[in-house]
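To start, the structure under review is shown below, and the notes come after it.
Residue numbering begins at 1 within each chain, and the chains themselves are lettered A, B, C and D in the order written.
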Amino acid sequence: MTINFPRPARIRQITQESRLVRTFVLDTAMPGAEPGQFVMLWLPGVDEKPMSVAVPAPLTLTVTRIGPFSTALHQAREGTQVGVRGPYGHGFTLEPDRPALLVAGGCGVPPIYFLACRAVERGVSVTVALGAQRAGDMVYDDRFRDLGVELLLATDDGSLGHQGYVTDLAAQRARQFPQPPTIYACGPEPMLAALLRLCQQQGWAGQFSVERYIKCGFGICGQCALDGLLVCQDGPVLTVEQLARAQDFGRFSRSATGRRMPIR
Amino acid sequence: MSELDLSVNLCGVRLPNPTVLASGILGLTHKVMVRVAKSGAGAVTTKSISRAPRDGYHSPVVLQWNGGLINAVGLSNPGVEVMIEEIRAAKEKLAPLGVPIIASIFADTIYDFGAIARYVSDARPDLIEVNISCPNIDDEYSRMFAGDPYVSAQVTHRVKRSTDLPVLVKLSPNVTDIVKIALAVEEAGADGITAVNSLGPGLILDVESCRPVLAHGTGGISGPALRPIAVRCVRDICRAVKIPVLAVGGVTTGRDVVEMLLVGATAVGIGSAVALRGSEVFATVCRELETYMTNHGYENLDAFRGRATAIAF
Amino acid sequence: MSELDLSVNLCGVRLPNPTVLASGILGLTHKVMVRVAKSGAGAVTTKSISRAPRDGYHSPVVLQWNGGLINAVGLSNPGVEVMIEEIRAAKEKLAPLGVPIIASIFADTIYDFGAIARYVSDARPDLIEVNISCPNIDDEYSRMFAGDPYVSAQVTHRVKRSTDLPVLVKLSPNVTDIVKIALAVEEAGADGITAVNSLGPGLILDVESCRPVLAHGTGGISGPALRPIAVRCVRDICRAVKIPVLAVGGVTTGRDVVEMLLVGATAVGIGSAVALRGSEVFATVCRELETYMTNHGYENLDAFRGRATAIAF
Amino acid sequence: MTINFPRPARIRQITQESRLVRTFVLDTAMPGAEPGQFVMLWLPGVDEKPMSVAVPAPLTLTVTRIGPFSTALHQAREGTQVGVRGPYGHGFTLEPDRPALLVAGGCGVPPIYFLACRAVERGVSVTVALGAQRAGDMVYDDRFRDLGVELLLATDDGSLGHQGYVTDLAAQRARQFPQPPTIYACGPEPMLAALLRLCQQQGWAGQFSVERYIKCGFGICGQCALDGLLVCQDGPVLTVEQLARAQDFGRFSRSATGRRMPIR
């Protein structure tokens, strides 16, 4: 059972992935975690934030420096004590009978990597499309290469792989599949919104990992509401059908107060 | 079983069953409140609403320990302007279901309680609940309103003069004499009492980092650990006042609902149990309540409400 | 491990380890207290002693629920004349073990507190603990002494003038501001503070018979459900006073002892955990404490006592 | 695990055993209870008292009318609600390799009956000696007869069985055993004290069920102290060795206040 209380752990290893991204390996594990699930990572005296599981054992999290919490975490050293609770939420469900296209952008890459690992373990062949602004921002690409999956890369400036949006690259590849694919995606909401439209147009299945402001993580505070859905429990991975009914998806998020805020 | 009548009259408002979503649990957005109502709650309460938006404290704001939950959310909410829209939208969907909505309000001055009550009344919630008892705001407001009978009565007065809706005043268990406060708010015109808010505050440390586990430090205790205290408070209040009591604190099973009704509660709030049994807890608890009633041959709640207070103890 | 020093100085009295048998648990007869000391307690406290013998309430007087215990024993004890013999006999056996004995006393008037303190001092316990905080005697004495800073100080004064032994005053968590009471008893000359007595009272019903499960009706809550409240009280008191604090409330594991020490406690009482982990709990908890100390490289308790209060929160 | 909280139950059947003794069969069971263990029987609104298990399933208790609680219980009807918690304490340990002599007097008979049942189940042959003041006070004798065990009866006035003390009768029979017996006994403390002396003189083993004032039943209140022993946990069944070291045994009991009181 999920324990809704931070378990002390220490940072065992830190890797710089790119200018703003570091990976933290902890001296603990999240056995039973599914790809797409997240943990609440606590920095005592600082804050606690949701982080997707990249590897469940030893628990590995990849964090983009973006604000106070992630900056403090980037300042942590090997040996720093943190707390983790979870795993939380509803993860990806691999559909083994359909071609699988995994699409990730930004800090959406780690959970997609976990899903790709799971697919390889299960003998499901997958195609992965990763997007970044430029070559220097691309993370995890060699890990995917080591997995031996088909890998497509896109950058906004063309400095690595295809130039343009990863969504376009993904769409192009998916049309070549012999059968309608399932799109598994994680990344910025505008990217997910574009993929939703694509899935709706093409009649493809899709499971997208969505971010909302998470406070409790276990369905108590209501802070993570996306329409009638609780992202911390019903999500973060939601289906194309669920998202199509969610009027706020791609349009409005919620701040720490709970106020609706336009996205972008 | 279909013969059983679980309905309740709370200050003139009909609830299809006695279970009420407690304030601060999921009650931030209308669609989620409607979902909770559809999953079986007899009424829903909004998160406590302040005039201005509040971010609340850093995280963790709520955690689970072996006695229940500990929380210091910091009364985060998007402010009354946003929340009245949520209440309006919720009411539209809830009215056809026959599930009332309770607007919980709080403020940092007696005067502001009136202002916000007036504001919220525009959205026509079915009841107003006045939260004078949050245990986590002491440092901010220097003391809790519910700690003093005179101040509690003043707030009640002010709210009553600012709205035509029935008003529940929510009390704290963290006082030496809760009956005194209950009598003061009844005297000041409260239509009902909600008892109780969370206990404490309490403090839990992470002994590795020597830090409190909640970012705020201390937090209110709720859930099973609070239940015997809440039952005693409700019993004491029901003996002393004539107005109805909405009993809250640790209620997790149908048995716990029965216990609150036996000591005289009119309806029963459920908060932390949502973490323990999911949002289906309302329907589940009602089924358990029906089993009790069937076993004892009761057809409605009046058949046994207050029965334990009738037995002198 | 043998390098670790768990000893404690409580008001000038040396305890071989910080665990203290709390008052009301097994502390009625000298042979049982000696047994508890041999099973690892760093000190033992007697059941609270009154002038005259008291039968206590009818049974059940103490039960276990999922949060810990609930009790209304009614301060049963054979009276001071019998108890001083038990203390004398206990002291004879405990002194060679290096385990001090704390005599807990209570009375129903300020004056009687002095008389009984004088009486008990004849038996030369190592410390006196003044129980002004039992939550189960409200109906009898109309109020709890520990609810009022002035009355608490008066009792402290009277006891101090009646004995040359170090005096601990035991406070209640059931007050709006425990720090005020702590400051008052410190000012009145208390050598230390015991915090806290049981919480509430609480009330648990048997919903079949509609009766409270305790014969007395309500009862004090102790054990795990009380712990976060007790930790907060101890933290608040340790920040405010200079005298040592014997922390009691829900301590069940070595981790819990550490938590109390981190917020500044000098020693740690254990009561309800005897029901959960047997009378070996003292030795077990000390082993767990040693593991923590070894992991953190601490050689004695001063190395980390108060560490959490040093970090501002 | 023992639940230290009264479980509601109803009285299903009441049998008058003798003028002052009734047996109550409840609509619940104490699975796992051992002979010699007891339950706390609660009469809501009245009091709660320790009662030995006579039969664990359905839970059967035999109660002598002696004071306010037992009188109230005797007034109960079939259907009356009570509460039970337990089982508590340390029961008898059957030693299958030695002749077993079971001795009971007064309200000590029911636990001895439970032990006899257990012995018969296990194929251990036992001799039972029961004592009472007069024939009309003898209880459970037909139950023992139905069990098919060797049964010796003694009454003070000789109105049933041997005239005299059951202890003497038991001693006499025990001396005929081919091997030194184990005495299992339950009854008034003077009877137990006589048996203790007998065991000490003869070098026989013995397990005696002792009564002390019970409040909590689970080792918290200290009320049941017999020297350093807690009767509710270490007892009620104690060995001859334990009792020989207990200076108060046979001499002092303790009242509800905890005050030592001379026995008889």
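What we mean here is this: a residue touches a chain if its C-beta (ideal position, glycine included) is under 8 Å from a C-beta of that chain, and two chains touch if they have at least 3 such contacts.
Predicted model only: the values in this text are computed from it and were never measured.
The set of chains in contact with chain C as well as chain D is empty. Between chain A and chain D the centroid-to-centroid distance comes to 67 Å (mean Cα coordinates, whole Å).
Separating the CA-averaged centres of chain B and chain D is a span of 51 Å. Spacing of chain A relative to chain B, judged by their CA centroids, is 36 angstrom. Spacing of chain B relative to chain C, judged by their CA centroids, is 34 angstrom. Shown for chain A are the residues that touch two or more other chains, namely 45.
Within chain B, the positions touching two or more other chains are listed as 65, 211, 311, 313.
With chains as nodes and touching pairs as edges, the resulting graph is an open line. Under the contact rule defined at the top, the touching pairs of chains are A-B, B-C, C-D.
The residues of chain C lying in touch with chain D in their complex are 24-29, 31-32, 34-35, 47, 53-56, 58-65, 69, 73, 76-79, 82, 206, 208-209, 211, 213, 215, 272, 274-275, 278-279. Chain C meets chain B in the complex at residues 65-67, 70, 147, 174-176, 199-205, 207, 210-212, 217-218, 221, 224-225, 227-229, 231-232, 235, 255, 258-259, 262-263, 292, 304, 307-308, 311, 313.
Considering their complex, residues 3-6, 8, 40, 42, 44-49, 81, 83, 85, 215-216, 218-223, 225, 227-228, 230, 254-260 of chain A touch chain B.
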